[in-house]
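This structure is in structure tokens; I'll ask about it shortly.
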Amino acid sequence: MIRTSLTRAIEFPAGHRYERTDWTESENEARFGRCYRPPGHGHNYRVEVTVCGEPNPETGMIVDLGELDGILQREVVEPMDHAFLNELPEFAGGLIPTTENLSHVIWNRLEHRLPGNIVLVTVRVREDRNLWAECTKS
Amino acid sequence: MIRTSLTRAIEFPAGHRYERTDWTESENEARFGRCYRPPGHGHNYRVEVTVCGEPNPETGMIVDLGELDGILQREVVEPMDHAFLNELPEFAGGLIPTTENLSHVIWNRLEHRLPGNIVLVTVRVREDRNLWAECTKS
Amino acid sequence: MIRTSLTRAIEFPAGHRYERTDWTESENEARFGRCYRPPGHGHNYRVEVTVCGEPNPETGMIVDLGELDGILQREVVEPMDHAFLNELPEFAGGLIPTTENLSHVIWNRLEHRLPGNIVLVTVRVREDRNLWAECTKS
Amino acid sequence: MIRTSLTRAIEFPAGHRYERTDWTESENEARFGRCYRPPGHGHNYRVEVTVCGEPNPETGMIVDLGELDGILQREVVEPMDHAFLNELPEFAGGLIPTTENLSHVIWNRLEHRLPGNIVLVTVRVREDRNLWAECTKS
Amino acid sequence: MIRTSLTRAIEFPAGHRYERTDWTESENEARFGRCYRPPGHGHNYRVEVTVCGEPNPETGMIVDLGELDGILQREVVEPMDHAFLNELPEFAGGLIPTTENLSHVIWNRLEHRLPGNIVLVTVRVREDRNLWAECTKS
Amino acid sequence: MIRTSLTRAIEFPAGHRYERTDWTESENEARFGRCYRPPGHGHNYRVEVTVCGEPNPETGMIVDLGELDGILQREVVEPMDHAFLNELPEFAGGLIPTTENLSHVIWNRLEHRLPGNIVLVTVRVREDRNLWAECTKS
């Protein structure tokens, strides 16, 4: 059996900061280093979303790309582009906006909003050229 | 057990167009948007072919790269480079040359033409920086 | 004196073909090789437009990026994205849509449509990773 | 005469925000759009510094790369990496940290701190893949 | 179940040469081509190391990045950067330093030196833009 | 007046080492650091050659790309690909194969071998993503 997947990448800049308010300043500094520096910094995030399914025999497509782009725009780009990630609902309670956690947040935003005939396979979040996190269904 | 794979990437420009002749013009436009525009457009395709196998203890190689390159040249680059994909035998009957379908076409061209000691694992076709399809044996 | 410039890049796929109708088939083949193959192929073009001017002391910007983006969208992306370049008005008379000529065409489309306080410095057109042409005012 | 130049690239993430405190909220929004969103966002900046000079006949180098790297580290990376650019001394008075202005700030930090035998030619600051500013001596 | 992984990339230049001293010169040439040319050549290697584990609920991290970077620095960058790979202990006995073998060597150097809560998933070694090898636990 | 240029990029791996035999070991180490490590290392070099001229009105090309590619192949790729740069005639007398010197060597190899209607404008040699040298006629 051959599995077919399609991956769509989106990019946006955002800000973030690593800080636990229940830790002392020196604990935060020791653990988070420069990521603790107030008031924060940011990245050009790149998110690669992989879905799998059967190509529609009429169109040759796993998913209507316009529909997928609309979902990614509404669930990810619109709320996160030029935003400070710590202020998103998922992070506002103190969850640290690491690359790992951001990939989970995006997974959860997308998983149940995709068209019924496709399955979310991977959400990869690249913070920069040399660091990325991935959520995969195992 | 550690599995070892090797990936070779090739690139070539090609043309294509999305059109179903059994659909009206407005159906084609609604579904395929700018990809329906006659007489077509094109992309710099990038194809990444992954094979796995045991490194030969004498050469340290899974596959003779010259042999693999020859196969990729003959089965993929020679017929597809600067070609109009809709005119390939696989697409000439009306199959839409989407990224998904192109990855299947390349999979089928390669699967039984590789040396016996290696197995085709993945064919990834990148249409541009932000969209790619992948066939994988599951 | 320090000169400040700003460069904006845009990308779009398009199709093209090299053919002189006043040449024989074998002359076309000899001179244009695979670029002569009917009905054409295409590329993911990348266009980098450089303008220079004085940063506005209030905004720190040479040019309003929204305004520049609007001009690039209207003059370049809208007419060229998913188009067959040979059918653009500038190429319809038989001018070959080479990278060199495309950079001139884009230069001419932009030169007199930029805001008055900035000057067009360079139009660079990348056909692929390894080939690009540039128009510069000398 | 052949001129020889050498370019060194450095990368770091930083935060910034565009806001003029002497403007109303709606003026800021109209002019700066999402870049005005509090408390700010950020980018993975890439700075490319070009110097020219005569290659030393003994070493074949225009400049000792370790020395140049030390200067870039001290003047640019150390103060800007994971920082909020608006808080740098040059921007703290309200100068907007645009790509254009950041390239000037880096030019000024470097110009008189380079070894005597080389000349600063260009400072290019890339905010993302599709936007960059450049200062050049004209 | 969602599996979370983190990937860290490192880059370094190194030299290598393919030669079996138990083969004749013409056997070496026939099999290894230009990779046999004395005294050797080299590449800018890029190594991408993927680990998986549970994000720590306090820090949102699978692994302390400073700790992981220290391990990669000590086990990979320090001994391999600007080195001639054939002289590493693993290759000194005549094992050919192919991309496949190098990925195994790095896998073995890392596997038992990672913190206890994370698991090594993949070691990918890129020799250039168009060729890479990968070790994965299967 | 608009100047048109065309740039062609080529890539090849090569080896090199920095050493002055008239210096002591510790002088070499102090000045060249890891680049002095015997027996050498290497890089994936990328060379970008820019020429300018008038586009031929019949073909729309500054230069026949096949002819330019042949020259680059013969003068640069053939002798340098998988070679140890210190053994090239230009470096064999002890000239250090730095990026700066390599750009001069390539300039000299190309300058008088290009077709008569085009002019060599720039030779850029990239040693890696973050370091490159350029020769330009001034």
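For clarity, chains are labelled A, B, C, D, E and F in written order, and residue numbers in each chain start from 1.
Criterion: contacts are C-beta pairs under 8 Å (C-beta built on N, C-alpha and C of every residue); 3 or more make two chains touch, one makes a residue touch a chain.
Predicted model, so just to flag it, every value in this text is computed and none were measured.
When the partners of chain B are compared with those of chain F, the chains appearing in both lists are C, E. In whole angstrom, the spacing between the mean C-alpha positions of chain C and chain D is 28. Note on chain placement: the centre of chain D and the centre of chain E lie 34 Å apart, centres being C-alpha means. Residues of chain B in contact with two or more other chains: 129. Which chains touch which is summed up as A-B, A-D, A-E, B-C, B-E, C-D, C-F, D-F, E-F.
On the chain B side of its complex with chain A, the touching residues are 18, 20, 31-33, 95-101, 103-104, 107, 129-138. Here chain C touches chain D in the complex through residues 1-10, 50, 55, 58-62, 64-66, going by the rule given at the top. Of all residues in chain A, those touching chain D in their complex are 11, 13-16, 34-35, 37-44, 81-84, 87, 128-129.
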